[in-house]
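By written order: A, B, C, D and E. Residues from 1 in each chain.
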Amino acid sequence: MATVTLLLELLLMVGMAYSFGFLYYGLYRNITARVHGRFGPSIAQSFWDSIKLFSKATSTSFGWMFTAGPIIMASGAVMTVLFIPFFNQGDHLQGLSPYGNLLVVLYFMVLGPLGNALGVGSSGNPFGAMGITRGLTRLFALEMPLYLATIGLMITGGTADIHTLMIQQSTTPNLLSHPLLFVAAFLSLVGFLGKSPFDVVGAPQEVYSGPAVEFGGKFLALALSQSAVFTFAKLLLMVDLFWGGAATLLELIFKTFVFFVVTVFIGNVYGRFTTVQSVEFLLKVPTVIAIVGLLRV
Amino acid sequence: MMESKQIKIFHGPQHPGITGNMSVELDLIGETIQRARTHVGYLHRGFEKLVERRTVLQAFTIVCRICVPEPDPNEENFARAVEGLAGITISERAQYIRVMVQEMSRLAAQLLWMGGQSGSIGLGTVGQWSLYDRDLILDLFEQLTGGRVYHMYTFPGGVRRDLPAGFLLRLSELLDYLDKQLPRYDKIFFDNATFRTRAIGTGVIDSDTALERGYVGQALRGCGIERDLRRDNPYLVYDRLAFDIPTFDGGDVYSRALVRREEMRQSIRILRQVIAQMPEEGLVMQKLPKHRKFTLPKDDIYVATESARGEFGYYMAGDGSAHIRRMQVKGPSLIHGFTLLEPLLEGEELSNVALIMNSLGICPPEIER
Amino acid sequence: MTFTPIDLRGIVAPFAAIGKALEHPRTVCYPAQTKTVAPDYRGFHTNDLSACIGCANCQDVCMNDAIDMVTIAQERNTRNKSGCIPRIDYGRCCWCNLCVDVCPPDSLGLGQECIHVAERSDTFLFFPKDAS
Amino acid sequence: MQQGLKQIEGLRQEGFVPYHTSLTEEVTAQQRTLESETEGLANTQTLIEKAIHWFQAHSMFVVAYGTGCGAIEMPPVFTSRYDIERLGVVGVATPRQADILIVSGYASLKTLRRIIRTYEQMSEPKYVIALGSCTINGGMYWDSYNTIKKLEDYLGVDMYVAGCMPRPEALIEGFVKLQAAIRDQTLEPGYVRYRDDYAWYRRNQEKVLGKNIAPQYEENYAGMELS
Amino acid sequence: MNALTTRYDVTEKNPRLFSIEVDTRDAWREAIDFVTTHTAFVTLSQITCADWIEEEVFRLTYLFTDRARSQNLMVQLPIRRDGEGLPSLSNRFPQAEVMERDLHEMYGIPFEGNDTLYPFVLEGWTDLPPLRREFDTLAYVHAHYDFQQGREDNKDVKVEQKRRREEAKRLKAEQEEASHDGE
């Protein structure tokens, strides 16, 4: 019986991540539109986009590897969500987090881009290959500060269990007690969410939308959906690690939304670095901040 | 011979990072460009052939299509070349109106450029704002000429319509609005740390050879050479108007951006003077013969206008009939797109292609006509 | 490539753009909301049939070969010697206004209406709207 | 279909049709009734199909390819003045992701190859919007040796927008009409025609482009032939 | 400028535009050397060709601009239309390369020493170079493209006016005849 409940809960978690991801994506488009001085699309527009893409009659494939790419990507995102607890109390919507810890989450976060690389590489499009190279290079630079920040948290908390880490923050969230680690991790989050100035991977003006260059129809729909789920997973992780998680659904939405809005604003007002510049920046600024933060732990 | 590591890609024509329908063939190792070759011809319509088929006055409608982002320098050139060959003088009021059209079109083109330049580094916000402001200028053009993009307004012998009532007032309101708007662009675009990081030191033009190779416009002024046809070779009534020619020494993308930023302010200044000095009276259009009776003498002429991207020249030869014997267009992009761009891209990163192309303002339709 | 000295103004100043989000957008929400076209806009042709004399000057001046002179069923102007009126092919027209400039009785004009969208390419051949 | 054409001809033959909108509205109305009588296209959709068509109509990805001068009116449409994203229309970089191809004005022969290649890479259902006079009957380049005159000979076009250049409102109107047509399934999509009559389209393409339709991306393309 | 007037017969087209005319290739070469070394006209701005088919020549115009960009000088030279070439200037002026490439494609003028004379804007073009006067673009269009149907009822207004006048005359005559008969 417990297994059935767990499975249902897992489904619910993925469903929630999916819908919140698309909701946030819709909000992102609306907020961006307001900054641009226009009204923007309906909030549900991204849902419609994904349904339309799923209903496309044809989607060109380049062999089973190409088909497998987006699926691995999507499963990476789904697994990441499943190992992150949604709430800091109670038994529900904890997902698989009792069976795994922060390290598992960090591991699954890398799976998606690697699956992507597998698929796009087999399409043979040079722009796709270039986008993947950029993606992996950037991923390496993004992980540095994130890993350092999480190591810092693990040292102070003395555990790698996300739930325990959340409970430890019940008095002061890590965001206040370890501001340097937070800043480092947040800058890396901006990159993970693909916002300027670190949006080198899919830059349309440069690499012709990068990894997604050959994705059409169902593949693009899958890629969009995984990115929605993944976005929510990353925001959730940030909230859990630095803002003490959430007790209720409303609190959860509020906290993730605050982080999300800040990244959106950053993305709106900055231009894009080149790959080299963004890697250099990430290795210099957030990494150094993280190291300093780590030393002060 | 292609090395195994080298890949060849076509940057365009269907590519968001290209300035119009053209393509740049790039040989890359990693993301570093080894060799760049420009390909054009995607917009070739044979203007020079079509102009020869039409009578002089008919041909005027087609020339504004030669450069889409700023059609007015074309009309101005055509009108001035025909006037020069046929010996027509135009009234002072018409000249002031033409200056006004030129400067409005320059402002619109610079705002469009700002959208492209910021888009090339993924800063969409600036483009969204500046295209809105450009649209306000187009609204004024609509009132003045009856067309948004293709004005077909500057005609041999003057301009085709007089100003509508209250037009100058609306223009000066718009200028006030732009005065308020331009500092906002400074904050988000010209001072933006990311743009500065990207643009400073990118696409540096060598100032020693710039004049000999015939670079024009911002490519010259961005490397410290003070050249502007409006002052060096004044046409219309530009010699009665006060304006500065901004120059910056960097020779890079950022210097060219700053030149354009300053030029927008100068355009506003010129427009203010035009509003103040505009003669009240005057025939805006000379009486011309019917289009089959309007002939050009057997002679040739070269006229040039300072467009928003540099010198825009027309060579025109008449043969005594109602048709033009030969009209050749010399836009700034022909030299910039080949002689300048190809060496400039070598050794650059792929990311900077769109950045550099936008800063040179390469517009394919005037390369291939 | 250097990041020093830290360009503090360049990092902070762009955030002023966020203020735009608080302003009400001034978008023209076509089709719900339409912008008035300028009074002298060069839209589709109009023709004052009680004045049109069927002289074909407009056809002669049109470099795009966009104008046909076609016999009309019922005559509106007795001074129309040819019994023909212009018909415009909007697959050719470039709205240059030259035909309007040469029209001897000033019957031809360009109106404010400018939008026509169709699924078929053979629906772009119009008689100008009667302006009389 | 054929009958509808004849009716239009008939209307023209009558001589005097006073005003253009009445002409087109009448004709399209007649065409509609003819089509629904003969083919029974409309009103046979299931609920799911209806929903899918609704989503397809309200989410349109436009491939970023400014093929001609009409491309200059696309930035105002896509940015804050006219903001077509309100209607669910956004630009995407690559043809694989796109549903809509806007052929913005004249297409020169060299571009036509690229347009065909772009079009064929798009995944179905896909639609083509043709902007401006030049795509309808040659426009002002009707006597140019290097531009095609009727786009419908080479691609399946779904919507024509009159103008040179068309105003942004006209382009938006084109999108609105296309959305309505997709939602109600009242149009015979261009891609179906292109697929079914491929031999005819291919023959037309070969007539102007020669046997090799695909662009030549051979090694050393630039220095290939020295004449 | 003074150096130029002593050596060449300079035509002043307007205060800022001058032209000199040379006849032979050697004179042309000399003129270009002289202009670019002894005068301020250092920038090659444009190379133009005009087809004077009646005189069986192409008239080439090399347009030079001075350092201050305030004056222009046209060096004009007629060459035969039947494939006479000129030495390329691309060694001295890199920008000449693309201009010559353009003229080669549009007129078929071979420029000796320019190795980039492959197709420029046209792709797979087999007809005459399109800007030569003998190339008839309308004939080419009618041979290669179709136009929209439905415009065949176009009337020639002159013919129509004449027909109607005659018809009116005939009607009047008939009427008169009828009224005659009535009497």
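The rule is simple: contacts are C-beta pairs under 8 Å (C-beta built on N, C-alpha and C of every residue); 3 or more make two chains touch, one makes a residue touch a chain.
In this text, all values refer to a predicted model and were calculated from it rather than measured experimentally.
Both chain A and chain E are touched by B, C, D.
Look at the CA centroids: the one farthest from the centroid of chain B belongs to A. Seen from the C-alpha centroid of chain E, the farthest chain centroid is that of A. If you tally contacting C-beta pairs for each pair of chains, C-D comes out on top. Between the CA-based centres of chain D and chain E the separation comes to 35 Å, rounded to the whole angstrom. The centroid of the Cα atoms in chain A and the matching centroid in chain B are 43 Å apart. Separating the CA-averaged centres of chain A and chain D is a span of 38 Å.
With centres set at the average Cα position, the gap from chain B to chain E is 24 Å. Across the assembly, chain B contributes residues 15-16, 41, 44, 46, 49-50, 53, 61-62, 125, 128-129, 132, 150, 188, 192-194, 197 that each touch 2 or more other chains. Chain D has residues 8, 12, 64, 79-81, 83, 86, 93, 95, 110, 136-138, 140, 142-146, 150, 164, 167, 222 in contact with two or more other chains. With touch defined as above, residues shared between interfaces to two or more other chains in chain C number as follows: 1, 3, 14, 17, 20, 25-27, 29, 63, 70-71, 89, 91, 94-95, 121-122, 125. Pairs of chains in mutual contact: A-B, A-C, A-D, B-C, B-D, B-E, C-D, C-E, D-E.
Residues 7, 9, 15-17, 28, 30-31, 118-125, 128-129, 132, 188, 192-195, 197-198, 349-354 of chain B are the ones that touch chain A when the two sit in their complex.
Those residues of chain E lying in contact with chain C across their complex are 148-151, 153-158, 160-161, 164-165. On chain D, the positions that touch chain B within their shared complex are 63-69, 71-73, 75-76, 79-81, 91, 93, 95, 106, 108, 110-111, 114, 118, 140-141, 143-147, 164-165, 167, 217, 219, 221-222. Partner chain A is touched in their complex by these residues of chain C: 1, 3, 14-15, 17-18, 20-21, 23, 25-27, 29.
Of all residues in chain D, those touching chain A in their complex are 52, 55-56, 58-59, 61, 64, 79-80, 83, 85-88, 90, 92-97, 99, 121-125.
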